[in-house]
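Look at the two complexes coming up: subunit A is in both, with subunit B in one and subunit C in the other.
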Partner chain A sequence: MTVTAAPARRRDDDEVRPEALQTAPTVSRRRRALRPYLLAVPAVLLCVGILYPFFLGVAYTFYNFSDANPQPSFVGWENYTALFTSGSFWHSVQVTLMFAVVATGVETVLGVGVALLLNRSSWVGRIFERALIVPLMVAPIIAAIMWKLLLLPEVGWVRPVAEGLGFAGYSGTDSAAWAFIWSVVVDVWIYTPFVAILALAGLRSLPSSPFEAAAVDGARWWLTFRRLTLPMLWPYLLVAVIFRLMDCLKVFDIIYGLTTGGPGDATTTLQINAYLEAISYARYSRGVTYMFILWIAVYVISMILVRYLNKIQSRSAGV
Partner chain B sequence: MNRHQSHSQTPGPISRRGLLRAAGIGAAAAASSPLLAACGFGGPGASGDSAADALSGSFDWKKYKGKTVRLLMNKHPYTDALKAHVAEFQSKTGITLKIDEFPESNYFDKVTLELRSRQGNYDAFMLGAYMVWQYGPPGYLEDLNPWIKNTAATHGEFEPDDFFPNLLTAGQWNFKNGADLGGGKQWMLPWGFETNTVAYRKDVFSKLGLKPAETFDELIDLAATVKRKAPSAGFEKMYGVAVRGSKEWATIHPGFMTMYSRLGLKDFEVEGSKLIPKMNSPEAVEFTDRWAKMVRDSGPAGWTSYTWYQASSDLGAGKAAMLFDADIAAYFQNQDTPAAGKLAWHPGPKGSDGNLATNMWIWSLAMNANSKNKEAAWWFLQWATSKEHLQYAATEQQHIDAVRQSVATSGAYKDRLATATNFVETFEQVIGETKIQFTPQKNFFDATTSWAAALQQIYGGADAKSTLDKLATALEGRVNA
Partner chain C sequence: MTTPTSTRPTAKKRLTGAVANTALLAYFAFSLIPVAFIIALSLKTNSEQTTTYLSFTPTFENYSTVLGLDGGGSSYLRFFGASLITSIGAVLVSLLIGIPAAYAAARHRFKGSENLMFTLLSFRFAPELIVIIPLSVIYQQLGLYDTFFGMIWVLQLVTMPLVVWILRSFFRDLPVELEQAALLDGYTRRQAFLKLVLPLVRPGIAAVCLLAFIFAWNNFIFPFTLTSSNAQTVTVSSLAFLGGNQVRFNLVAAGAVMAALPPLVLALLIQRYLVRGLSFGAVKD
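Entry: the complex of A and B
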């Protein structure tokens, strides 16, 4: 009641005091003129805050800045040519891509599977639905250290379990293949719930009529899943895939915490090379070059995926 | 759950520009910000003038009473000893100490970022000799010689000659790749150190009738024998020898570099102004291959994640019969562990000419060149490295090995170490040949981390020669860039 009465009173006041109307436009015009600029200030500050270090970083890639060379000079494309002609760089590109594709793929398949199971309403499902969020609440570096302890042959419980199952000679992350597999396992452990939650939200918002029609026609589960569920769920899954792929391309904490990029360089990703160059070896320009190349890769891949996402969203909306 | 919702409830079209913008900005920020915030692009180097030159008159412990010194420290028994003695320092000088401690796993990242910021938030900090090679050239470290030499700044009993000579020299360098340690600049003061020897389970050796190895061949055989025989002698799942194996510089410097040096091998040779990697010489290849095989046959499973902590813990837990690492890493395992009281020390295998060349790690103290409180910081540094504090720390606390000869030879120090079988005798045998065995150079951490990665690959079955050839070729370009 108060809310509706107050504006009415103000209108009445304005009507009985016309002088107020005469001064108001002057103030209002000034304010109106300033308003766009004032409104833009936070955005400008945000842009400057973000873009300044970004462009400074890009500038660093054209210098030879390092602790060994604290007064840097302009070196043009030297950092880029050094990376593009280095076997270590291309190896880390390969590891990064393999990790991103395998981890995202496994998480998507498992996430959809978990979502399909949880979509059947039951009390077990409701409990798991809530428990599902737990790995997501663990900081990735903590999860990596936790898993590292579990995997250590001398102290962890994975070795006795593996030996109990008849796998002799378990050696943790000593072999290149197992180091890679365990890195993917930790990522999958943390992030499958993320995909599952998005997929579950998608499943619960699908219309029921096509499924009812399919049931009337006697369609089997697999056919219904392949022809109905999956196509309708695809926009949701693609959002999850975009986020996971971008994140996996930038993976650092899980692998660094688990294997430090080893054994040898078996799990050395672009971010780990960037960290080693910039922090451990104090070659800042070389480290930033790694990061800038990674940024370009993430940007281009996400652009392609977002374009695809828009296309299928338009198609599903009938545009 | 509502299955009766229409298609319109599939996610609304996300604006392509919006998502791209967010993705781009997010990725850019993630990629750039943390690093750039830490970098002081082209910051000033150290000037030639020293604040020590401004001090005159007689020395007075109370001269900087009321000041506060901020320390960046590693969590370590040496730091615990310091904290136990802080009241003594504060009453002697009137200077307040504020200590921030970080675990070793991220301590040096913290130090590096602090120094790079050039803000002088900390006045003094702990570091090792290898860090001087990285922190020195950009001017992060204060030269301590003008302070040591100024009688107005340093108390009469400081006596720098009392430090073991190789420890003091380890803190001196002219920042020229390949140049020997030494010179007129003192970038750090030794505080506590570790020499690398073999610690072993004397009960296991006694039961199996074994003796410590005198040569590398014997060490390989001994480790294999222990692994083969110990389980049947009642030491279940015991393996032969624990050494570090993680992918970091610290894997190379203890046992590996000690044995490497005793066999007369070099990491680099200096040719003119160039460093030539020598870890792929035929002798170095043979040694590396045999070292990797020794670990594979007689070391722990999961070796590639072994830091000093796992290696020494295995000795203390009764899983390893020998540890070729820092003498004090084993010393701390001789108390309150299943192996307590059962450990003994030995210098380890000798070189073919009988030498005991040994590499070392020195926990030292340095002054931040950007400290705004250098006088009080120096008052702290000279007290913390004084005979007075180090004698207390070595006899009443766990500050071992002693860096001062007067402390190391004192009866009280030897008495407290008497329960550690052959600890003092082993120390006395190797100390004369204990020094930094690496070639000083600015890219030390790249060289040794890459070396550790190559060692892991050889351990995993890669061909030693081709792996080390590849390493040497890659390093030659990088260390001479």
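Entry: the complex of A and C
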């Protein structure tokens, strides 16, 4: 088991060098040089097909385009200034960041914990390991529906438990705080297995000799974990954290299914807000401006994280 | 030598073992109880759903109602079929386009190959609505709104990055000497690829197919915003069941269970490749 960088490190020995390959003499030199491009042409065309609407969307951010104004008219930076001065935008920035940080944090800690527990063989692990991925393979929107029903006071199992524990006035996701907490819980329910299986793959690939040495030296568990396990596991964890953080920033399905962004705007994340603007209120340019700003943020954050990941991986490969 | 002091570590070990098992059991309770709940709810009758939690006589009535087997008529099968058509279509298109691109990116260093790979990866991380909003305008103009073709096209955003990134990592695992030897033996490049390379990565292709299918099937936001009835998928209709005035929660539950089943069954087949697949080839198991 190995970790390769997201932009996979270049391996010279892997490349087909023209001089190493005696291709059939009927194939001209020019065609040989063109071959990789020919193979990639359909994929490039597909990228263009997707990038065209993307750039059209970016263009919309400088136009006033809505159901009320179906002929787009150029307005310059107006959409951006409107956004940056609106409380609704900053509110959803706040909700999105809180959701992303809390959910990713809980999933990482819990996922590593589950992986550590599964890594020590026990009867519980043997029985349940195959069931680990169940929540991960259920569609997020279906998971949200499941939890919505589970939390419903009329039919769900949470109310009797809450009342049994002495919480009077259980109201599901009706209050702002609980709507947020339950949204995080659903995300944690789905994606903790994701972190756990990556961490478990990491744990199972670690060399045993440093741990044996630590055991001989009588190192305590916590010290071994902090000084040995965690640093060696970090490249694996970072892959998980990058994926989780990026996905949380654009969370839609879970929140739409569970709370539709409510109560009020308590769980209105950026992508929910963009949906409401663009689809519900048919203010297309306003909605797409939300998404472009989020896209820039996601792009910058992921670039920084991927660069950090490459540094870590080349460092651990150099040892 | 059994002195009282030497039994203490094993007692301690047994205690940590018990704590570890309890913690793991607690996690799996959290993980699996919602599943048990939705299955239980889907097996309850109308009167039982609000009156009992665990004691009820299971019935498959809700499933036959959702599927329209009781003669009441149902559009669930149509939504299920739309999910199948769009997901399989999306995977096929991605394979057709993605296999050559992944091979090219793995074996040749050509200008722009890294850019192409990164563009594809950025699709994975981009917020979907940035493409959906302009795309819905284009689709309305081209008549692609609410069509299978339109859905298959937009689902490439989901399946294509997966196929290309994972297959590239599988192609890279093969030693390049393999093709060199084949070429020396008089194979053409195409023959070497089709007769040697492709069969060797067959497990990878199968895994990527199933994983891409799962993600296409599980997608919600694209069919939610770009279809209305004709190409509406089962994820969208599952949520729609929850709307309306007289919601029958047991029917919603039965529909949700059936919608969740295909990905779960397929996932069991590819557990071995799940780590590599879910990390886009970044972590190999």
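Rule of thumb we're sticking to: the second predicted complex is superposed on the first by the 277 of 319 C-alpha atoms of A that agree within 3 Å, B and C clash if a C-alpha of one lies under 4 Å from a C-alpha of the other, contacts with A are read in each partner's own complex, and residues count from 1 in each chain.
Heads up, the rule we're going with is that a contact is a pair of C-beta atoms (placed from the backbone, for glycine too) under 8 Å apart; a residue touches a chain by one contact, two chains touch by 3 or more.
This is a predicted model, so every value here is computed, not measured.
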Does the superposition put A:P140 against subunit B (first), subunit C (second), both, or neither? second
For A:P42 in the superposed arrangement: first (subunit B), second (subunit C), both or neither? second
Touch test for A:K148: subunit B only (first), subunit C only (second), both, or neither? both
In the superposed arrangement, does A:M98 touch subunit B (first), subunit C (second), both or neither? neither
In the overlay, work out which of subunit B or subunit C sits against more residues of subunit A. C
In the superposed arrangement, does A:M291 touch subunit B (first), subunit C (second), both or neither? both
Where does A:V75 make contact in the superposed view: on subunit B (first), on subunit C (second), on both, or on neither? neither
Does the superposition put A:P53 against subunit B (first), subunit C (second), both, or neither? both
If we overlay the two complexes on their shared chain A, which of subunit B and subunit C does A:P263 touch? Say first, second, both or neither. first
Examine A:S121 and indicate which partner it touches, taking first as subunit B and second as subunit C; both and neither are also allowed. first
Identify the overlap between the subunit B-contacting and the subunit C-contacting residues of subunit A. 50-51, 53-54, 56-57, 60, 148, 152, 154, 202, 236, 239, 246, 250, 274, 278-279, 284, 287-288, 291-292, 294-295, 298-299, 302
Within the complex, which stretch of subunit C touches subunit A? 17, 20-21, 23-25, 27-28, 30-35, 37-38, 41, 49-50, 53, 96-98, 100-101, 103-110, 113-114, 116-123, 125-131, 133-135, 137-138, 153, 156-157, 160, 164, 168-169, 172, 176, 179-180, 183-184, 188-189, 214, 217-221, 225, 235-236, 238-239, 242, 249, 252-253, 256, 259-260, 263-264, 267-268, 271, 274-275, 278-285
Of all residues in subunit A, those that touch subunit B in their complex: 50-51, 53-54, 56-57, 60, 65, 67-68, 70-72, 87-88, 119, 121, 148, 151-154, 159, 170-176, 179, 202, 204-209, 211, 232, 235-236, 239, 246, 250, 259-265, 274, 276, 278-284, 287-288, 291-292, 294-295, 298-299, 302-303, 306-307, 309-310, 313-314, 316-318
If we count contacts the way the header does, which residues on subunit A are in touch with subunit C in the complex? 1-8, 10-11, 13-16, 20-24, 27, 35-37, 39-40, 42-44, 46-47, 49-51, 53-54, 56-57, 60, 110, 113-114, 117-118, 120, 122-125, 128, 130-143, 145-150, 152, 154-157, 160, 189, 192-194, 197-198, 201-202, 236, 239-240, 243, 246, 249-250, 252-253, 256-257, 270-271, 274-275, 278-279, 284, 287-288, 290-292, 294-295, 298-299, 302
Looking at the complex, which residues from subunit B come into contact with subunit A? 1-14, 16, 19-20, 23-25, 27-33, 35-37, 39, 41-43, 45, 109, 112, 134-135, 137-139, 246-248, 300-305, 310, 314, 319, 442-443, 445-446, 449, 453-454, 456-457, 459-460, 462, 474
